[in-house]
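Scroll down for the structure; my scribbles are underneath it.
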Amino acid sequence: MRTPIPDYLTQVLDECGGDDGEVADYIAELAQADPDRLAIAVATLDGVVATAGDADVAFSIQSISKPFTYALAIADQGLDAVVEKIDVEPSGDAFNEISLERGSGRPRNPMINAGAIAAHALVAGPGSDERFERVRSFYSRLAGRELDVDEAVFESELGTADRNMAIAYMLRTVGILEGAPPDVVRGYTRQCAVSVTVRDLARMAAVLAGQGRAPDGEQLLEPQVARQVLSVMATCGMYDAAGDWLTTVGIPAKSGVAGGLIGVLPGQVGIAVFSPRLDRHGNSARGVRVFERLSRDMGLHLMEVSDVARSVVRRVERGGSRVAVHEVAGDLRFVEAERVLRSLEEEPEGEAPVVLDLERVHRVNDVARRMLLEGVRRLHLDGHDVRLVDPSAVLGGGDGQGPDAGGGYVPEVFEDAAAAVGE
Amino acid sequence: MRTPIPDYLTQVLDECGGDDGEVADYIAELAQADPDRLAIAVATLDGVVATAGDADVAFSIQSISKPFTYALAIADQGLDAVVEKIDVEPSGDAFNEISLERGSGRPRNPMINAGAIAAHALVAGPGSDERFERVRSFYSRLAGRELDVDEAVFESELGTADRNMAIAYMLRTVGILEGAPPDVVRGYTRQCAVSVTVRDLARMAAVLAGQGRAPDGEQLLEPQVARQVLSVMATCGMYDAAGDWLTTVGIPAKSGVAGGLIGVLPGQVGIAVFSPRLDRHGNSARGVRVFERLSRDMGLHLMEVSDVARSVVRRVERGGSRVAVHEVAGDLRFVEAERVLRSLEEEPEGEAPVVLDLERVHRVNDVARRMLLEGVRRLHLDGHDVRLVDPSAVLGGGDGQGPDAGGGYVPEVFEDAAAAVGE
Amino acid sequence: MRTPIPDYLTQVLDECGGDDGEVADYIAELAQADPDRLAIAVATLDGVVATAGDADVAFSIQSISKPFTYALAIADQGLDAVVEKIDVEPSGDAFNEISLERGSGRPRNPMINAGAIAAHALVAGPGSDERFERVRSFYSRLAGRELDVDEAVFESELGTADRNMAIAYMLRTVGILEGAPPDVVRGYTRQCAVSVTVRDLARMAAVLAGQGRAPDGEQLLEPQVARQVLSVMATCGMYDAAGDWLTTVGIPAKSGVAGGLIGVLPGQVGIAVFSPRLDRHGNSARGVRVFERLSRDMGLHLMEVSDVARSVVRRVERGGSRVAVHEVAGDLRFVEAERVLRSLEEEPEGEAPVVLDLERVHRVNDVARRMLLEGVRRLHLDGHDVRLVDPSAVLGGGDGQGPDAGGGYVPEVFEDAAAAVGE
Amino acid sequence: MRTPIPDYLTQVLDECGGDDGEVADYIAELAQADPDRLAIAVATLDGVVATAGDADVAFSIQSISKPFTYALAIADQGLDAVVEKIDVEPSGDAFNEISLERGSGRPRNPMINAGAIAAHALVAGPGSDERFERVRSFYSRLAGRELDVDEAVFESELGTADRNMAIAYMLRTVGILEGAPPDVVRGYTRQCAVSVTVRDLARMAAVLAGQGRAPDGEQLLEPQVARQVLSVMATCGMYDAAGDWLTTVGIPAKSGVAGGLIGVLPGQVGIAVFSPRLDRHGNSARGVRVFERLSRDMGLHLMEVSDVARSVVRRVERGGSRVAVHEVAGDLRFVEAERVLRSLEEEPEGEAPVVLDLERVHRVNDVARRMLLEGVRRLHLDGHDVRLVDPSAVLGGGDGQGPDAGGGYVPEVFEDAAAAVGE
């Protein structure tokens, strides 16, 4: 069988066409981009990338570099030090506004140029060349291949970097920037000129989706760093259309002036689209439509809940001695665990055995695990003999041995409910 | 057993104390509030509310009314008509800034007063009294009990409503408001004076979490309306600290000047906290700390993914004829469905039977269902005899009959994998 | 002989025609104005008014009322009390911007609506009706005839006063306004609807030019109040084109939306033009051109100095005993008095007589008078016998007696220089 | 006799003391200034300078250079070309705000850094060194001696020029600046470091007061350029306190961060004060007080009219044949000429002789001259025999011959009124 996903992606591209918008033209290299190019890539957390369209056409990463350099700055300096220099508030401004906070002088967020330049300068390195190399190398690890600068784009952009020079000098004035502005702007301009494909960008986005973990298992970013970056992308990634994007698409995203656009669905996928024509906000016109379509088709909106928790637990009495069995099914987060606890709450104090049957549970997050263990502990304190059925060891333990429920209590583990009730 | 949740909530309240911040004092009724009151309630989608602290102390809803009236306005006028009058962009302003968009005159969002007053005026009703009654009645249905106005608060606030009068007249000037400003401000002021407890607010928030569905199953709001409201709360709910809140707490929220604070975790729970002392942003000081603690303890951050998808599918060959069985486990969304399709992709064209075993799957969202059905259809087109094991009928169908996979193809359904492979 | 001034004014109107601009149309009464009306009046300080064009057509005073009510507010409350409520800084804003100062909440200046409403409310009066009557009566005394409200304009504007209501409520919020906003806005709207002709306005302006003194000699305003009003008109009178107006026209001015426009040349004349079509700043389009022409033709620019001080003093020795005579000619201000003192400085200490001949001096301002008297006193201290020729008594004194030069010294006065030197 | 002016200036300095305010400390050279230094100089148009205090202490000119470079830019490029790049509107901002106009990107005015940097760049010159030399040389001619750069101040300021670098790059971005920002900022910084005394500054200011004419008669600036510069100083010279300054002091002025402050009274004097401690607006604290005192004492306020025109013309009938004699006295501007014309208007048509006696008139500005000549021409057209008494030839003509009144008519000139009436 051939998986239908590439066919679906091709269909989405076909249906999100149109030639509205204009290719960025402030430098010749961008102006010469073929406006009809269109590509998409979707990367899963384990490194598989599905694509459609011009997936191997290279373009400059531009502002899509911003979240990744912000991540690297936090990794290098710590979150507190970075937040002290760069705020995280939506600015409602276009990408090239200076937008420094009154008083502190902090750039409003790391997704506008002022914040991105400040973030670049916060990347560790003895000099500006080493700093840029550290950035390039980090991007390469995220993308899973060596990335390089498009030197023609770099040279052209450096020649028109007046606004970024102005921003960098202003940042120095307010004490946000310590290095020499020309060096920082040079490094930042090189960062924006790194050449990528949608395939690269989707992989980079997927690392953010996977809490910073690369497909090969390497932890390229701490989970809390990835969380910070995604939060900022959610509110500040789409310039002055941030609120509109969050209500209609609902995916943390970032666009670049060369026509790239990435989206990250936490825990699920990284997505990248490329189409050079830009709308009036400076975002890829077809890229935005593709994301709207994907969000609608695939239920990717952050606030969308197509799987509202349904009944996850059932209490039955089994065996000759009518042992209470709490059968749990499905993945467990806080809300499902709360329901299991409510079911367990029905057991009055006493010495009757109680079976917690997790055979049909495959994933339990950390808080749910702690909640269930606390329930087990409390049943034990009430006098019950708690019997666990947990073939996947979702509560911990293993090798036939139960987990420690607290206070040294380890419930007995059984192969299945029948064994647990002694049937 | 007694469920540990109330104990946990009590512990959180104990540990998030402190007497920093100041009770709002612009009217006597708020200034007289007991600053030491502290309460929390957590409501699940099925209507169970766990509480701790002063859970039955009533206070005025104030700005926490804003998201609910916004929801009602959208329900009454349609999303497009409401967006035409009220934008959804974060304003970066304090609650009482006018913040009208240049050009259109639209309030920046419905969570600042200008937008909230405009939203109130968009609620259907032949007159202002009927409009308010419609608002009150809607809140009551959300809370599950009849709510009433605290008349003393109302009278006091009406006497100091100069700023809201200014805003209402300004909204009329720019064509956003059609009614008489004094009537609209009177209605809005009554709305803010509705008296609630944390128990009420948690239930109201839980309806938003549950895609607009009340615990009794009544659909009080369309899912897309709830989604819109949550999106706006995520970026605009905490005044000028929106970005800070989203990065550190990561829960769509709304605060009120009387000390209330609600949070909504889509698909999971509604939470409400009450503590009258306010921080410099005008948010409940202890309330903010409680939410930070809950988010951290319980993994509630929107961008937090404590359950990154792990292996969900395994291909085995069973039975004498070595039939390929794809055993799937856990809840399925897009990303997990994509893995199942990849597993199915391993089957070369041919007539060999293929078993898709969903016995350990309990929840499948809509897009995952469509993806699996498309996989089934493609296997069939390749010549395979597809056999489905789906005791919970997660793919649809039922009564022993399989779902329609498209093109009229209905795969045969088996009780379990053994039967499917003919063991 | 017929004075050429009306002919000149007619010629100016003829040559400043054009039908650019649009009549204000936010109320029917203004929209119905005949757009071709054009009139000018120039009033001297002694009450003579030269006119051309439609000088007897009445129109509503609108914002031209602002400087006069500001003057009355200062007269009633004192300058400090008024400045505490209304700043004097140019706002760079259009007429209907709120423009309150951060922190204090003060309107930026009394020429924008916020400041003008605040100024109206500062006029003394037990109630709003009395306050308006006081305003109307004051305008009438300035114009030299009873002025009345155009009730149709008033009623129409009251019906579209939403923005002013918004402003008034906002002013109350920040503590600038104490009365009930609807009352204040009603009074302010009546003030704007007072019906005038260019003849009236030119007379009103001439009182400001004449330091507050009416042609009949009555001091309607203290000189320092007139000075304050003119200073504010100079920087804030022409909305967001204030700097452009001051550089090109250089006359303190104020425009109104009905097409009126006044200018005040301190010490010289009051000018009023009427032409209903407005330019994009909201100023009368032809009115602005007329003022540009007048300023150029007549050398009225404040910074223009067509009469740079030339030699004003000559030292000659006359009579048999070669007495030193300092012959002074022309009007004397600080700069000319300084030259006289320099001339007197040439006299070495000694007892020789010194004649100060002021026969050809007709006007001496206060500082120049004090400087010359100090010179006289010093000559006396040096031992000289100072002889004054001052038939117009420009240094004071009179009836053949000289002024007190300080320290009780009174120089002898002679009829003419010949007598003084004993010729 | 010793002129009392230096004594007066000394007294003013004595009485405007106080040690409030802080010396600018952003560079060491300014921080080391002796905070107690205090000096004043008043220069008349003919080059005489009266001083008091530390009149020979040198300090850097800083922002006081701005009006002079603006003047030079207009002289070099023409007013229109300069206004196209730099607006003339008050900004209400502090000196170092960027304050570019929305849309055009023009700096708001030439008195804030952005406008001053743009003005510097508009000075003609093949390169930046020549441009600066042209600036320095121009200042030197204004001051009447060679001025030089304080190299220590220059070097220090160049090292802290980040904000000006930011501004210059921003100006390039919006197309206002064409040169290389580092070169322009270097030149501008040298301009600010020119070393001056109050004596120099007073002379420079006096050239502006004298319509661009130096004491030696050389026209260093066209009168209309001087007028433009003074107009801009009037509204923009005192940063965000422009309105306050104009109402209380009423003199076009400019301050510098080293403690200098100049004021220009058109047609009269240039004044300079030096005192290093600055108030919160960045203006010299004692300097401001000195100007307030001078303005009050000496009646220097632009809107102050201590010499409102009094009766300037008297009609008498003299001689046997009762010839009408119009005796005029005092300086004549538009307003006084208008009175003379009104007096002449009393003559009915006819052939009777009319005498215009200007013996007591010493100064007549251009418009007044044209008005009187037109009156003479009209009297002649009415049939009158006009006889002129004008010993100072204030109406033109000379050598015993009258001026041309238009249409070839030249009135007969008499030595005095007695001769004119044939007494």
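Observations, loosely collected:
Think of it as A, B, C and D in the order they're written, each chain with its own count starting at 1.
In the analysis below, a residue touches a chain if its C-beta (ideal position, glycine included) is under 8 Å from a C-beta of that chain, and two chains touch if they have at least 3 such contacts.
Protein names from UniProt, one per chain: A, B, C, D = Glutaminase.
What you are looking at is a predicted structure, and each value in this text was computed from that prediction instead of being measured.
Annotation: 20 Å between the Cα-based centres of chain C and chain D. Centroid to centroid, with C-alpha atoms defining each point, chain B and chain D lie 68 Å apart. Centres computed as Cα averages put chain A at a distance of 65 Å from chain D. Multi-chain contact residues of chain B (touching two or more other chains): none found.
Taken as a graph of touching chains, this assembly forms a single closed ring in which every chain touches exactly two others.
Contacting chain pairs in the structure are A-B, A-D, B-C, C-D. Interface of chain A with chain B (complex): residues 1-5, 44-46, 48, 50, 87-92, 108-109, 209-211, 213, 223, 226-228, 230-232, 234-236, 240-244, 246-247, 250, 252, 265-269, 297-310, 312, 329-331, 333-335, 338-339, 341-342, 344-345, 347, 349, 360, 362-367, 371, 374-375, 378-379, 382, 384. Of all the residues in chain B, the ones that touch chain C in their complex are 162-163, 165-170, 172-173, 181.
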